[in-house]
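I've put the structures underneath this note.
In the two complexes below, subunit A is the common chain; its partner is subunit B in one and subunit C in the other.
Right after this comes the complex of A and B.
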């Protein structure tokens, strides 16, 4: 935990100008996509382009000004990446709305609702940046946030407010609003894991014995990993949600590995996960279906439950090809849930592989920036938190894009910032606020302390102490 | 709207998307290689000299701490003026506050200013320096009345 910035021979600049430049480009992506949707679907520039563009610009300017005010050294690339993805997602949702309206679907206001959620997300982003001036104060909330996270995960089981939607029991309904508590829980669990691991990593890292080539951890240290495994399995079996279960367990494993630098944990965790997946495959019918749809999608095309959704998405992406059919010229309405889990297939169909690659690259850059923040962060808690938040993004994007493109069995997770979904969008904006806060602390030049030097007189036994 | 126009619109949008991604990458690149090298790394002897000259006659602001006081331990009551900063704390003879405490290292910690803020920094001591309940690993800001523990001794900034 040294001051890597100075070790590497440079201090970071503020780069707020670069951020502004990238934000202008990101706005061009978002508003340009909105205009292209209007031109492609209706043949004219949308009438509300100015109002829509103005609103989007206001949100982006608000977040940029916030960063300038309270986190001047924060990473310059994260916010533009998020703004571009969010803007593109809004435009694609608007494109789906126009088609859903035309074919008489009840729900055709996804883009409008998503814009409201984005506004709420930006408000929470600004609030987090202003209220949380030092991420290390979150370390005090280690156990509180752990408990809160687990309570949130259990909420959907409660009889009155919990509810199942599309087979997965991950929703709660309060006063007419539906909400996915798991999205908030993952942020809280990252805080809890970081706080716990930064204190206990020595015990987890050093104790244990060596079997063959692998350092196995001590039996009594297995407690937390078993507890986390139990919670993941509970989500899988009771909530019927393979994606979240994978996300939570994978997140814990990544953080454990990063904290202890011991591959032994990966072996133990991998074995546990394999055993759990095997058990789930054998006993949970849903999981078995998912595997079959993945291996032989065309065999289950017109069955219910079947792989129609996955196959239609593949047809769409195949038809889209390298540069796509153009916004408005595809048939994304053939894919159920094209607005949430399968939004990437819509993009693949209408904007082609070129746009999908750009989007995957954007996610890659977000993860890269988060890991870079972890590398240069000066305190262990910040490091672990940045790694955990990076792992959330990486796992979530891998699971959902891998599922949509048929690389791995399909599991329901939202595509961060692109998919329609209020809880996910709001939670992800807060995640970005936390990352920017850590990066502001990490990139801020170290306080200049004069070296201890009591003059040349007694320099024989007075060494110049360098900042370490 | 003709087929060609739609094609051009699509290509223009894909171009904007990629221009954005490539600009983001180039900002990351310049962030890595184009960063400013600090003066100390360039062998900057003049910088500390200049700072010392300008920093010496600094008048303490109202409400700013003026001295470091030992509030608990064998040397309770001993104090050092912050005007002499940076202050070395330890058992050694060159320490500004010389502590007779077996759990304190010869050169244990030091207190120094950066701007208006005061920092305490551990100098690789055996038993560590604590600000509140937390063992510090990097220079840490301390305000008035924050308890800094070295060995069995507790120090505070006082007005």
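Right after this comes the complex of A and C.
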């Protein structure tokens, strides 16, 4: 385990000014897009632009001030990226609301609700930053959070509160509120995996035998991976949700590989998942359908179930071309669920390939920053958590954007920070809080190592050190 | 743990690279293909909502877009809907026909020739406008053709097409019964769907442009082709003695065929001119039988049979002269029966080629493509498709056709002071339907300005030879007059 920060005598700068500058740019994106929606759809700047912009600014400033106060060394790029994505998502939801209202759709307050969710997300972000002063304290919650995560995953199966929506059982309803427990579960599972793997990595890494250049793990160590595989398959078969299944199992595999440094785990896990997916393809009609829609979307355009949604999204994005039709000049309402899973098709149609690329790059930068945090983090638990959170982001973005643009079979997942959805938005704000907390620890100048005996400067001796 | 983290980083980089490449492929490379998908309603709505260019005849816009109050912003209107419908076609939400379809890229503004206009529109933030299409049609000729068809008995179906022989420009193209494109361009889609169904179910096929979309046996007008093949063979000229008489016995059969009037065409041996003048079946059955299938087919194909020639208007049916007919069928083909079929446009092309010293010009309806500011972007070039006959043959045939109008079956097309060349025709298609009357002509014979073909089917068509002249002759005459008198 390295200590790059101090080994090279390099001290990270705080860069809070840079963060502020980037946040101003991010706000310009969010508020500018909101104004452009008004101009494009209604022909005038929205009347509530000042109130809306003020609220958005207040939220961003609150998060920035929090970072300044309790995590001054945190990564300066993450927050602006998130602010830009969230602001753009709100503007696009507002644009969809105006059209949904015009065509008489019952639901046309997505942007307003999303802003409330964003507020809650920022509140939780601030709370996490203030309450969690050291991410290592989460290590104590390894098994608690693991259990909580699994319970949350099972909740949608329960009668009364569980509910299927569009074929996937990933929702629960309590007192009129719908909630996607999987979004919270993924954060809890990252904590649980990190805590478990950081303790057992040696056993998992060192025992085993070598078969054709690949170190295969010991039979008894297969327990956790089989358990996780079982849970993933359960999600796939019972919840009918290929996306979440892939996400959880992929997350586990990546963390296992990073903890043990043994590619053998990837081979075992990859084979397991391939076998599971093949079984699902053979026995679950839904999976087969999605595979066919992916390979020949245009052939299933008019059928039910068919690929109408995907094809309309493809038509829209193709029509948008390089620079898009302009906000308000497209027909995003032709794509069902344009406000959630398919929000990227709206963006592609009206803002073009340019915006799609910008968004993919924003996600890419978030993943890059998270992995960088993992690299420089001084403790194994922090490294694993940062890698896990980065992996969640990368996999989720790849699965949903790849699905919407026809790169891989379509599976239902939200686009982080863009799609309408409270559970996802709030959970992702907490993910960012955790990443900032780990990066603050990693980038903070290393504590001076003070020998107990002030007089003895002889480093040859074994010393008892304490953190000042 | 840093080595695997770096591996994971590279893996993530590949994932995001794949997303970027795929997005580029979808939104840039495949965009054109997706736009061309007929189910892509975005494209339909967008073109439907645009200020579409006008279709012009002379200086008048016969189709143009006017602002409307609803969400589609513009309404397509046709100033003389029925008269021009076969050419303009219609512009409905779900489908387009005619020039509206063939010139859609210009009219909608998407054509590459309008690139500069589009760029200016984009930079000035103006709404894109479509370009205009100038047709070759002559308003006077079209009016004469349409009025002539309207004057026919109530249930008549007919078509008139006029060409400028030296260029191939289509001067008139009328068809009846037809439809009102204004009603199909309506934004009331329910009404449009109902009307569209009615029009499609109508047994009289009002949606078909009969000048190019209907093929029927050309009857005696095809004797021009037979005569052309005979003279081209080198064995005949206008004054050659050819067999006349009462009946012709088909080869390999005991059947005989007589003349329409049951007469002998004026003798057992008559001149080729006289044979055409009286439309002598026996003569042309004999000639076709003598020339054979290959020579006849070759001549027919030189005139444009077995191929389509009209490139800027859809819906042209291929006129057929089969190359595998047996001897009796070949003989019958000499008088435009058996398996020979032709569109009115094809027969007009035969007349035009004779008028143009044997050169067959490619017919076209779009004269110029113009930018929204009316500057000319492109002009259609005239093009010679083939040399059907030598100019000597053309002169001989012209002489014979002039005699046919001056002193023969085609006399209804006579114009005082002008030499008119013409030929009538009547053809049976099937037993229970009335025969079709044909008339082809051009004028003036010494300096041809217009070639016309008229096709009429009505219950009043008499089965004898004169029918074509009585019904088609006056229409052809008024169309020719309309062009000559300008």
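The working rule: the second predicted complex is superposed on the first by the 446 of 468 C-alpha atoms of A that agree within 3 Å, B and C clash if a C-alpha of one lies under 4 Å from a C-alpha of the other, contacts with A are read in each partner's own complex, and residues count from 1 in each chain.
Please note the rule applied: contacts are C-beta pairs under 8 Å (C-beta built on N, C-alpha and C of every residue); 3 or more make two chains touch, one makes a residue touch a chain.
The shown structure was predicted, so the numbers you read here are calculated from the model rather than taken from an experiment.
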item: Subunit B versus subunit C as contact partner of A:58, first or second or both or neither; value: neither
item: First, second, both or neither for A:405, with subunit B first and subunit C second; value: second
item: Which superposed partner A:274 touches (first subunit B, second subunit C, both, neither); value: neither
item: Subunit B versus subunit C as contact partner of A:371, first or second or both or neither; value: second
item: Partner chain(s) touched by A:254 [first = subunit B, second = subunit C, both, neither]; value: second
item: Partner chain in contact with A:301 - subunit B first, subunit C second, else both or neither; value: second
item: Shared subunit A surface residues [contacts with subunit B and with subunit C]; value: 1, 352, 361, 368, 380
item: Residues on subunit A engaged by subunit B in the complex (per definition of touch); value: 1, 3, 6, 9-13, 15, 18, 21-22, 25-26, 28-29, 32-33, 36, 39-40, 43, 76-77, 80-81, 84, 88, 323-324, 326-329, 351-352, 354-355, 358, 361-362, 365, 368-369, 378-380, 445-452, 454, 458, 461-462, 465, 467-468
item: Of subunit A, residues touching subunit C in the complex; value: 1-2, 254, 257-259, 261, 298, 301-302, 311, 314-322, 330-331, 334, 348, 352-353, 356-357, 360-361, 363-364, 367-368, 371, 374-375, 380, 383-384, 387, 390-391, 394, 397-398, 401-402, 405-407
item: Subunit A contact footprint on subunit B (complex, rising order); value: 1, 5-7, 9-14, 16-21, 23-25, 27-28, 30-31, 35-38, 40-41, 48, 51-52, 86, 88, 94, 107, 110, 112, 114, 117, 119, 121, 123-124, 137-139, 141
item: Of all residues in subunit C, those that touch subunit A in their complex; value: 1-9, 12-13, 15-16, 18-20, 22-24, 26-28, 30-35, 37, 39-43, 45-46
